[in-house]
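Going in written order, the chains are labelled A, B and C, and every chain counts its residues from 1.
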Amino acid sequence: MGIIRTENLTYIYGEGTPFRHVAVDCVNVDIDEGEIVGIIGHTGSGKSTLIQHFNGLLKPTSGKVFIDGEELFADKSRLKEIRFKVGLVFQYPEHQLFEETVYKDIAFGPKNMGLSDDETDRRVKETAKMVGLGAELLEKSPFELSGGQKRRAAIAGVMAMEPKVLILDEPTAGLDPRGRDRILGMIKEYHAEKGTTVLLVSHSMEDVAKTVSKILVMNDSKVFMYGDRSSVFAKAEQLTEMGLTVPQVTRVFDRLRAMGIGFDDEVFSIDYAKDLVMRLLKEKRGESVD
Amino acid sequence: MGNFIEIKDVTFSYVNDYDDPPTKNTVIRGVSLEISKGEFVAVLGHNGSGKSTLAKMLNAINLPETGEVIVDGMKTSDEARLYDIRKTVGMVFQNPDNQIVATVVEEDVAFALENIGVPPAEIRERVDNALKTVGMYDYREHAPHKLSGGQKQRIAIAGVLAMQPECIVMDEPTAMLDPIGRREIMNTIKQLNAAGVTIVLITHYMDEAAEAGRVIVMDDGRVIADDTPKKVFSKAEMLKAVGLDVPNVTELTHRLIDEGLDLPDDIISEDECVERLYELLKKG
Amino acid sequence: MIKDITIGQFFPGKSVIHRLDPRIKLLLTVIYIVMLFSAKTFAGLAAGVAFLLVSFLLSGIPIKMMLKSIKPILPIIIFTGILNLFFISTGEVIFSWKFITVTTGGVRTMVFMASRIILLICGTSLLTYTTSPITLTDAIERILSPLKIIKFPAHEIAMMMTIALRFIPTLIEETDKIMSAQKARGADMETGSLIKRAKALIPILIPLFVSAFRRAEELALAMECRCYRGGEGRTRLKQLKTAPRDYVAVVLALAFLAAVIFLNRVWI
C-alpha cells in the first residue's frame, strides 16, 4: 500500500445549487513512498482539487483518502497529525509570507507542529541552506527579498515541516528561466537527499519531463492515466488535445516517426534526443556498409 | 521623418528615499533603439535586466533620467502630449486581474474611451470591434472575474485596442496563463500584428520570442543583442550566460553540431528541425 | 466556503422593471418608502403591498426570492415585534401576567411595524435584484453630479464603488487561498480562546493587505496607461435616457401614494 491512496474519491462543488460541479470524479490512485511524481492536466481538470484532499483541506464528498495507511477524516482528532505528514505548497506561495523576518516565516510551520525551539532552529537553518538562502537573508524581512528568493523562502517554510510527502502546485509559475531551473533543481535535490515522496503539479510538460519519474494525467475531473514518463509521452497527441503542450523535442520526434524514420523510443529530453539521433545514424551507416 | 519609436541613449534609476542617504538603483544604463511601424519585437532578459522598466518608458510611465524617448514625433517628456502618447502606445500587463477596472466586460473595454471623451455612439462601435478582434464579443455582458486567465487577458488587450493605438507593449502577458491561455494570447498578438499594429512583447518564453520578427536581449540595463530570432538564438552560449534559454530544437541542433554533424546553427522552428533531421536520417 | 457568498444579488433580465432608467428606479424606491411611512392604517399599507406585488410580477423575479430577502433580517423583525407587543398599552387588555400586559393596541402595532419593515426590505431588494451594481453606481453618480459645483466628489465616489465591486470577489477568493495555505502550514483558526483566535488572523490579514496594496498599485498603473484622469471630460458608453415608460412608472407610483393617503382615512 502506497503513501497516498484514494478509493473512489469524488468531490462536488456547490451540491444542490445551479453551480454544481464535479471537480474530482471517482479517482483511484496509489502513489508509492519515495516516488517523484508529476501531476499534469489543464486548468479545471481537477488536479488542484485533488491535491487539496491529500492533506485534508478538502473533505471528500464520497470515497476515501489514505495517507501512510491511515484514513483521513476517520478520526477527527488525528486529522492535524496526519496533515503534518503531507506538506502542501500552493501556487504563488510567496503571497503567504507574513512574518517580520524570513527566519520567523520558515519557523511558522515547525512551531505550529509544537516542536522545540532547538529543533525548529535546526530545521529552519537546514532548509534555508537547502533552498539556497544565505544566513544573512534570514534576519531580513521577507518582503525585501527578490521574487525568486521569496518563492524559495515560502517553499522552505513547508519543507521545514519535514513532511513525508511534499506537494508543490505550479512552483515555477511566472519565473524566468533561471529562477525556474533553480526551483526545479532544488526540488530534485530535496528528493534525492531526503528520499521523501514529491508530487509536482504543473501544466508545463517540459518542467515535468525534466524532473519526475512518473506522471499522473488528470482530464475532465478523472485520472486519464498514471504511468512512467515514456508511457505518458507516448500519448502526446491525446495530451495536446487536452490542452497540454508536450515538449518541442517530443513533437519533433513524433513527426519524424510518422514520416517513416524507424524507432520506438519516446523522446522527452534533449539529451535523449541527441543520443537517439546518433544511434540512428550509426544504424544507418551500418546498413549502408552491408 | 524618423522612426516610429526612437530611444536615444536612455538611462533610468529608481531612487529609494526611505534609505538615508537616499539610494539610487540604476536599471537602464544607456540604451538606444529604433522601432518602425508594424514591427513585432520580442524583448528577452532575466528578471531585473531592465526590460520592464524600458517598456514603461515607451508610454511615458517612466521618464528617462538622461537621453530621450520619441514616440511618433512626440517626446515622452512633453507633458502636453501625455495622453496622445498613451493613446499611441497602449500597454498590457502580466496579471490580468489587476488591470480590469469594471464589473462588466464591455464597460471595462470602454474605460479608456470614456477617459478620452469619445462620443457614446463611437464608443459602442469601437468596443464591439475590439471585442470581436480578440474573439470575446459573446462575453461582452459577463463579469470579468468569472472568466479564465486567457479570456481576462484578451479583455485587457481589447481595452487597450479600443484606443486604436499604433503600438501595444505587452509586459509578460502570458506569464500567469496555462498553455491554452498562452496559445490564445499568441494568436491574438500575431493577428494584431498582421493588421498593422506594432507589437513589443516582453517575455520569458523562447518559443514566443521565436515568432517575432526581431528579438532584443537585455542584460544589466543594456541591450546585448538585437537581431532576427534566427541570429539571436544561434548564439546559444551567450543567451545561457545571461540566464536565458534557447528553443528545444535550437539546443538539440547545437548539441548535434558539437557531435560533429553537419547542420545549420540557426534552426529555431519545429518544421525546420523536422525537415533537417529527416534529410539526415532517412534511409538510402 | 466564503467563495459561495454572493454580493449584490442581481438577476439579469429583460423585464420592463429591468429596463427602467436606474435613476427613475431610485426615485420609485423613494416614493415607495414614502408610501410605507405615510401609511397609517392597514388599508393604506395594503396599497403599498399592491404596488410591490405589481412590481414583482412585472419583473419576473420569483416571489420566493422576495421572501428569501427577508430571512437575514428576521431576528430584527422579531425583536422589534416583541418590544412593540409588550410596551404599547393602548386598547383593551388581552392578556396579563405579572408585569407583562398585552393589549390590542400592542398587537396591532406589532403587526403593523413588522409588515412595514418586511415591505421596506422587499422593495429595496427588488431594486438590487433588477439593477446591476454598476448601473446603480452610475445612477448614483449622475444623481449626485449636480453637487460637483460644491466640490462634492461624485465621480470619485462612484469610481471607488465600481472598483470595490470589481475587487470584492477577487479578494474573497484570495482570502480563501491564503487561509488554505496557512492551514496547510498548521495554522489553527478554529480552536482556542478568543485572543488566540484573533492572533491566528495575523497570518491571513498581513498577506491579504500586502496583496491588496500590490493590486491597487498595478491597477492604478493600468488605469494611467488607459488615460484615466478623473471625471473631467469623461463620456460614458451607456447613456441614461428616460423613456415614456419611466414617466408612466412615476405617475403610477404617485397614484399609489395618493391611494395610500386616501386609504389612511379608512380605519380597519
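Definition applied: a contact is a pair of C-beta atoms (placed from the backbone, for glycine too) under 8 Å apart; a residue touches a chain by one contact, two chains touch by 3 or more.
Predicted model only: the values in this text are computed from it and were never measured.
Asks: Considering only mean CA positions as chain centres, point out the chain farthest from chain A.
Replies: C
Asks: Name the chain pair with more contacting C-beta pairs, choosing from A-B and A-C.
Replies: Looking at A-B and A-C side by side, A-B shows more C-beta contacts.
Asks: Could you state the distance in Å from the CA-based centre of chain A to that of chain C?
Replies: 46
Asks: Would you kindly tell me how far, in whole Å, the mean C-alpha position of chain B lies from that of chain A?
Replies: 30
Asks: Mind listing the chain A positions that touch chain B in their complex?
Replies: Chain A reaches chain B through residues 42-43, 146-148, 173-179, 203-204, 206, 243-245, 247-249, 251-252, 255-256, 259-261, 270-271, 273-274, 277-278, 280-281, 284, 287.
Asks: Where on chain C does chain B make contact in their complex?
Replies: That would be residues 12, 132-134, 162-163, 165-166, 169-170, 173, 214-215, 218-219, 221-229, 233-239 of chain C.
Asks: Report the residues of chain A in contact with chain C in the complex, numbered from low to high.
Replies: 14, 52, 55, 57, 80, 83-84, 87-88, 90, 93, 95-98, 108-109, 112-113, 143, 157-158, 161
Asks: Within their complex, state which residues of chain B touch chain C.
Replies: Answer in residue numbers: 59, 61, 83, 86-87, 90-91, 93, 95, 97-104, 106-107, 110-120, 123-124, 127, 141, 143-145, 156, 159-160, 163.
Asks: Under the definition above, what is the set of chain B residues touching chain A in their complex?
Replies: Answer in residue numbers: 46-48, 94, 148-149, 172, 175-176, 178-181, 204, 206-207, 243-245, 247-249, 251-252, 255-256, 259, 261, 270, 273-274, 277-278, 280-283.
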